[in-house]
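The structure's right below; bear with me while I get my questions together.
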């Protein structure tokens, strides 16, 4: 394994269904412009409420990816 | 949009099923006495264990709501 | 209730399916060598990404158990 | 000085003008239902952006007040 | 055990004698208006000084209680 | 409201006048290359001192914006 | 002094009497299986409430000890 | 630039007018006995309340200065 | 009340008896060279262990005092 | 000095040799695409272990640079 | 890759030479009783001073290892 | 061992060479005016960048010393 350098970006995914779905949604979106994503870290979980129920889960995460050599 | 003031209260929801279910349970309960809930923030996730398995997920969250004008 | 002393250990569970499944997996594994587990606390949620999708959820948790008298 | 007990509540004030104005707005609003407010602590400062400019400052604060004897 | 929802409130107890006395004082005071208190968490310990000695211990704590079903 | 994904970037604005001016300066600058900015969060407030007086306020903030669909 | 390596374990002591008693109780219990304990660090102080009074103080602490050479 | 050593001291400034004024007040006061102040960092913003309005802003800050060679 | 400026210093008190005694010891010692002490904040509680028992409680605290006008 | 705006990015450098080497590696890599880098802040130090020895030091850092006017 | 469970232990390594040497020393010592160590995380760096110079670097780290299946 | 009181001061050392050298430089400088230094704690590691390379490591540390009896 060589001595890689990674960059981390911070994203917020949202989902009406679940925390996992909000995470996956953010990663899928990021994958449209970022290659070589390797890991994510959940920073914050929150959401908005409508009519007394969870409307969206909003998960802030950092995504790390390898910088091209 | 006018210049609202919000109040935040801290709740702990519990569920035998999932983290999302514990969040929704706390919000539903709070909705019995609080109107105009707008958002929540997860503060802590924990739970109790019985017989080597998760018995309840316990999610501490803050819920923000608009103070009536 | 007597005056118990508890010990806490730190584990990382992983799952391809969900955060809850990673938590349960870590507790099941710990239960092979630890008795009297009482509660868990989620410390961190992260995961690795393969081909632009979540490959594993990795949940760091502390597990508290009663020290035998 | 007797041995008081205080309660702290968490509020979010918002203002189009300044951070100080958001703090004062939250305290004024709370004063409609809470007596004997003594101090505040700023927990978080954030805001929303419209058309590339700050639309509102949103300041989360805790307000401490003496519980009536 | 059913799926309870808890609320947490933040209090500051003060005592000229000890940290434990400040905690107990806050809980006793809260018990005048809150039923079903279950646990507390110490958030901060501080105090004021008069004439080069501790005048009061001031302990900030959160108190969790069961919301009535 | 659809299921948006947001990105957050971290900026430091500086101003000789006020904290608010430093925030607005950073947002104005960011707006030259970023569209759809929605909110900001203040992370840190500091500054440099010259001749015994505040020379600049330096405010670190995160700015969230919608990723184009 | 040679170049020691230490290990830290995390314990929760409980006491009906005082915070100090909960600390000492955890250390006494740990001493049944751990030798060469050198220091402790208090991580969290909490407790449970029964009938409007503190039932137990629960103190989470880390205990450091020298690994045998 | 040589290899400086800096010292940081912690101050609390107070002002009836604004957060910025409380910061400047603390720095002016410190300047009476400290030379070569270079930067400050805001640690906490709080204040006291009188008659339902902010009486003083109280800003805790650290001030760094070069130790004389 | 005028617009005071306060300075905070960080101390570690130690005591073989109790946490409160370690706090008071540090304040008494500081009072030999510092006037106008007003408040303290506990930052950390730890201690050293000898022969399987607490030898000293060591309490880190910040002490705030008014700077002479 | 004019009123600059800075941007901060988060990187992870790795090195088989030292923490300093991991920091320098990340900065060198970032310098291929970022101009006017001014400072860095270490956020986390970790590493992976192979055969009972440190294989790589992995240092997460933020790098601040001036946005072009 | 299967769904592993990891355990993390907390160690303090010390060295008269360098931070890296203290890390490696703790890992070497842990390797005498733990197999399958995979990564470490630095939690705290401190040290003791003798005669106005660093006597030992003391690095607290967590070490993660795979639990045997 | 008697019941000592310690004071902690906060310093920033800088070095073009290494993190360890910045720590030692700050301690050497402090030793010109402070006696009986006993330990240090690293609070933050950062540095400035010139021409795409680390120019100085800047390490913030706290130094504890015994107050003369």
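Observations
Here the chain labels run A, B, C, D, E, F, G, H, I, J, K and L in written order, and each chain numbers its own residues starting at 1.
The rule is simple: contacts are C-beta pairs under 8 Å (C-beta built on N, C-alpha and C of every residue); 3 or more make two chains touch, one makes a residue touch a chain.
None of the values given here were measured: they were computed from a predicted structure.
For chain F, the chain with the farthest CA centroid is G. By residue number, over half of the touching pairs seen at H-L are also found at B-E, the match among E-I, B-C or B-E. Centroids built from CA atoms put chain E at 38 Å from chain A.
The distance from the centre of chain K to the centre of chain L, with each centre set as the mean of the Cα atoms, comes to 22 Å.
For the pair chain H and chain I, the distance between C-alpha centroids works out to 22 Å. Among the residues of chain F, those in touch with two or more other chains are 9-10, 18-19. Chain pairs recorded as touching, per the definition above, are A-B, A-C, A-F, A-J, B-C, B-D, B-E, C-G, C-K, D-E, D-F, D-H, E-G, E-I, F-H, F-J, G-I, G-K, H-I, H-L, I-L, J-K, J-L, K-L. Chain J meets chain L in the complex at residues 18-20, 23-24, 27-28, 31, 37-42, 63. By the touch criterion stated above, chain D contacts chain E in their complex at residues 1, 3-10, 62, 64, 67. Contact residues of chain B toward chain E in the complex are 9-16, 25-26, 29-30, 55-56, 60.
Put simply, chain K touches chain L in their complex at residues 18-19, 44-49, 52-54, 57.
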